[in-house]
Amino acid sequence: MTNYKIQDIEKSFDGKVVENLGNNDYVIKINDTEHKLKIISMSSNGIEFILNQQYHKAKYLEQSTNEMNIVIDNVPMTINLHTHFDKIVYKNSGGGGSGTTQKALKSQIPGKVVSISVTHGDSVRKGDVVCTLESMKMQVTVKAHKDGVVRNIKAKETGIVAKGDIIADIE
Amino acid sequence: MTNYKIQDIEKSFDGKVVENLGNNDYVIKINDTEHKLKIISMSSNGIEFILNQQYHKAKYLEQSTNEMNIVIDNVPMTINLHTHFDKIVYKNSGGGGSGTTQKALKSQIPGKVVSISVTHGDSVRKGDVVCTLESMKMQVTVKAHKDGVVRNIKAKETGIVAKGDIIADIE
Amino acid sequence: MIEKVLIANRGEIALRVIRTCKALGIKTVAVYSDEDINSMHVKQATEAYHIGEASPAKSYLNQEKILDVMLSSGADSVHPGYGFLSENDDFARLCEKNKIIFIGPSADSMNLCGDKMKCKAAMLKAEVPTVPGSPGLVKDADDAEKIANDIGYPVMLKSVFGGGGRGIRIVTNDKELRDGYESVTGESIAAVGKSAILVEKFLEKTRHIEYQFARDTQGNAVHIFERECSIQRRNQKLIEQTPSPIVDEETRARVGESVVNASHAVDYTNLGTAEFLRADNGEFYFIEINARLQVEHPITEFVSGLDLVKLQLDIANGEPIPFKQNDLKMNGYAIECRINAEDTFMDFAPSTGPVPDVTIPAGPSVRCDTYLYPGCTVSPYYDSLMAKLVTWGQTFEESRTRMLSALNDFYIQGVETSIPLYKTILSSDEYKNGDLSTDFLKRYDMIDRLAKDLKIEKENKTEAALAAVIIHSEYFKSRLQNTTSHNSHWKDKLD
Amino acid sequence: MIEKVLIANRGEIALRVIRTCKALGIKTVAVYSDEDINSMHVKQATEAYHIGEASPAKSYLNQEKILDVMLSSGADSVHPGYGFLSENDDFARLCEKNKIIFIGPSADSMNLCGDKMKCKAAMLKAEVPTVPGSPGLVKDADDAEKIANDIGYPVMLKSVFGGGGRGIRIVTNDKELRDGYESVTGESIAAVGKSAILVEKFLEKTRHIEYQFARDTQGNAVHIFERECSIQRRNQKLIEQTPSPIVDEETRARVGESVVNASHAVDYTNLGTAEFLRADNGEFYFIEINARLQVEHPITEFVSGLDLVKLQLDIANGEPIPFKQNDLKMNGYAIECRINAEDTFMDFAPSTGPVPDVTIPAGPSVRCDTYLYPGCTVSPYYDSLMAKLVTWGQTFEESRTRMLSALNDFYIQGVETSIPLYKTILSSDEYKNGDLSTDFLKRYDMIDRLAKDLKIEKENKTEAALAAVIIHSEYFKSRLQNTTSHNSHWKDKLD
């Protein structure tokens, strides 16, 4: 039995596979309700299945021990997984949201660095412009994700950043 | 240098890669003419390339040492390959067409066996009906590919045959 | 009001029905056999239910199983598509009994349409012309001769127990008729132990022209123009077009009126098709009513602007047809090619198997209804229609050249298709000039012409094919020589 | 006669042009940058030439390089598509000099259309109404006040050196005007050291309505109806439709006539678009001419039945427009959604990268022009338009519900798209009722509504998401426990 929590959704859920009926048919249980599930195809990248007579297609994206990003029928979702034991440890460690204490400011888009508005050691407030990127003929600003002091500026003017690249640390 | 012969086409061709220009650009030579070729993508299953400024897509299908089946831009072709040394050996062995002396009568289509019109030991002439298959709501007859005596009937009434399955031998 | 439709079918027609339902906010229930678990219709419907093994008798023809799903899913209606149960009046009756709306004609009307003799009688009464001949079986050779002289030679003697060309004789005078009568009787008795003979006018160089019609529960009926479907193989339509090149405004209206009468004569409801043979002298003879949506309905949709599945749903809901005959204006020209999985050179034998790669044509006024997707499979259990490719144009020439271009863009890996044949047909002068007949393929040696076209295509692709093979063989030669080095080093090792 | 067209563009518009050329038997020459070697336009053109690095300046904007390819490939003409060189009169002139047919207006006419001041003057002369205001710069505050009183408040004070909202002030009376004049002057001098001010009538709740027009080398001109393109973000069109819900027959003809006059006034040849602002009081004001084929041309193709690229080729060949104004009849309703690679919630920031999987919508009266295919990449070097999804219906409601259904079917893996936003917009009562304006998104809080819709969608997908994750985690747990056994045994090892 594993406990699941979906980002932006209040409730948490217990879930497990109850029975393998053969011929790719399964019974799974979510909280107290059983559901019929038929797997059409499955790989480590994704799954197609029929749940309660409805077809669904999921892609498995990034995954850490306790968190999984999937796209289900075109809808992106983040799901946290805990065995009941994990959950207690996890709660006690102060975990919950992801990245609130992270220092790295990452670019959400790929692009060419047009200008950098800060220098090493600058104090910034959340929302201050750190740099400006150009992508698809548009200029887009990257803003500080928290208050702090700018360290380790990784982006270089006229350089290229990929999605997820670190622009700078804010400590 | 390898020599190539294409089924249904009179001429034979010498061909080789002359030069690798880098950046996926090559120069190849077919008979006495050089051609510019740019590889877009390539795997053991197929290739996409631009030859003399024209895009082509080829799938590599079955392959033996000396023969290769490909589909080029939707057109199926069979190509025989010989190094010049091979060629001499090949010619002397009486090779050329494939399967003219083959005894196995194969089904060209998949289907359900509706009826078998011959029994072991029957003499048949080329074109005689050996069995009838049903596929996609149609009845299709399989005819003897040569004169001879029927041996080893593999197909069974109400059974299923796949494309390429042996129906019977004709010796 | 219809709110949830079970689609008792598969393939592209199931998808076609789902699309209109989705746009109208109507829920859909798909059914599938073991063979079809990976099919598009399963993925696109609101719900999907497994109904049995691959064999149609155990799934798509299994009335009880389908009824079970209708009841358990709460579907209020069923769309039968074409083929399978679509013209089975027992099934229509089963639905009626269970208060499920059958989207099609009533069981009684369907039964009447399905019985050729009764239907012909109804048509004669409604003054819809049928192929001249004996009203039923002939008594003897004398009777046959009398009828032959009434309708004029040549005539066809047909044993009702024949089929596939057996038990048929074309005769041109009394002497031939008497000889033929004896031999057809003989053949029939030899084959099935009894004989029953019809006499029918023999028509040469006929065209297959059919009319789409609609009739609502209040008895309002309209025709929605003709479709010419003369290009056939083994009596199966291959290419359809509308308008027909030989139907003018006056003919369209005149034959259309008889179609409306025909629909009244059999008390038809919903959409149907009246099929005619059009003789070379210009006469139209009714053959039969197809009591369902036709494969070739999209060409009518293109020139009428109507969504015919929506019209089916409206009529099944008891609504009156929302327009009058005079509101319908024919707009432009449409052509459909049925993209079949078959090998033209093996007498159109089926070709089945996995389809690893597909490119579907698209563009202005191109429509492709298909169940294909990269990685799908063409099953040997069901019919060979993989896709319907339809194009429209302001002129016939525009629709024709668009079709040729779309056929060129259509790439289906893994199975043989009818696409090359269609390219040959659509490029022929006979097709361009509208010189169509049901024996078009044979009359104009289309298969031979195809072989020639393919030979030229092969020659044109020689250099490209050699290039592909040269690169391949050098690549693998180099791989063998350098098995320990990284593949991409290959490029630097060529001689 | 045009026989070989070089397409100086990429993406879906290059494909669009190739399609019509193919159907007409005209050869095509594609050009591509390093980034585009794997693109569809390279694969579909008759020939393809590499022209440089990914950056547009080094490839698609490189006039010399493109000219080289025109000459070496033997192209007799060039189609510029939209964007890139399409409205660059230097390039048009370069083609003219080299005797290559530029499929678009003459360099001189293009230059005139591109100069807003000169174009406005030409329109005034042709009695085409433009937004009321100062004919050019105002001399001083007195001059500004005089003009403001002539055209009536509210008016806008605009520094020609401003941009992006800076140096603009809306004023409603003389007092505000004098204050505003000073502060705009101050801002402008502070920013760029000089000031130059225009006065223009301030229009609230405006609609963007544009007319397609065509004019041939003989001077025959027609308009091909309007398109309403009010739904925009950052002044970029998102959704277009025709007819506009607020244009009636009389208005269509009246404004259309002024469009024809406008085309004469700038001696335009080929296809162009005249853009108007339509004020809430019903007045139409000319803004500018787009001297090229528009992204949104397919909706006009749907309602007119015309192939606009074919019409461009005909006019470029010197042929007269093959129909008269009265021959054109508007048929039905069409909508286009521009499917962009962008993140609505990040202020429409671009989203790029590999697209491993795509499902393109299809079906009756659905058209999708796109460069996407499974395994393609959305490049950061070019604009964010991945696809144009277009639907047609006999009624507006039919085209709207078809669009919603097609948007639901459209699956693009790997990048953020504008599809969810369009679903919210097309489902809104404001859109259904035709209550459109260029500030539609802000006026009706569409981004907030989208967030709510997505929350509901997430809730609806909860069980399915959990099922996918449960199966995944049990599968991998079992794999870890049984690393030596075959994967498929997994099913039997679940507890």
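The first chain written gets the first letter, and so on, giving A, B, C and D; residue counts start at 1 in each chain.
Everything below uses one rule, namely that a residue touches a chain if its C-beta (ideal position, glycine included) is under 8 Å from a C-beta of that chain, and two chains touch if they have at least 3 such contacts.
Bear in mind that the values here come from a model prediction, so they are computed numbers and not experimental data.
Relative to the C-alpha centre of chain D, the farthest chain centre belongs to B.
Measuring from the averaged C-alpha position of chain B to that of chain D gives a distance of 50 Å. If each chain is reduced to the centroid of its CA atoms, chain C and chain D end up 40 Å from each other. Chain A and chain B have centres, each the mean of its CA atoms, that are 50 Å apart.
Counting only residues that touch two or more partner chains, chain A has 54. Annotation for chain C: residues touching 2 or more other chains are 44. If you sketch which chains touch which, the pattern fits none of the simple shapes: not an open path, not a single ring, not a star, and not all-to-all.
Listing the residues of chain D that touch chain C in their complex gives 16, 19-20, 22-25, 44, 298, 301, 305-307, 331-332, 359-360, 362-370, 373-374, 394, 398, 401-402, 404-405, 408-409.
Chain B contributes residues 2, 4, 6, 8-9, 13, 15-17, 19-20, 22, 24, 26, 28, 30, 35, 37, 39, 42, 47, 49, 51-52, 54, 56, 58-60, 68, 70-75, 77, 79, 81, 108-111, 135-138, 140, 163 to its touches with chain C in the complex.
If you check the complex, the residues on chain D that touch chain B are 37-38, 42-50, 73. Chain contact summary for the complex, chain C toward chain B: residues 234, 341-343, 346-353, 357, 380-384, 411, 413, 454-455, 457-459, 461-475, 491-492, 494-495. Contact residues of chain B toward chain D in the complex are 38, 40-41, 48, 50, 53-55, 57.
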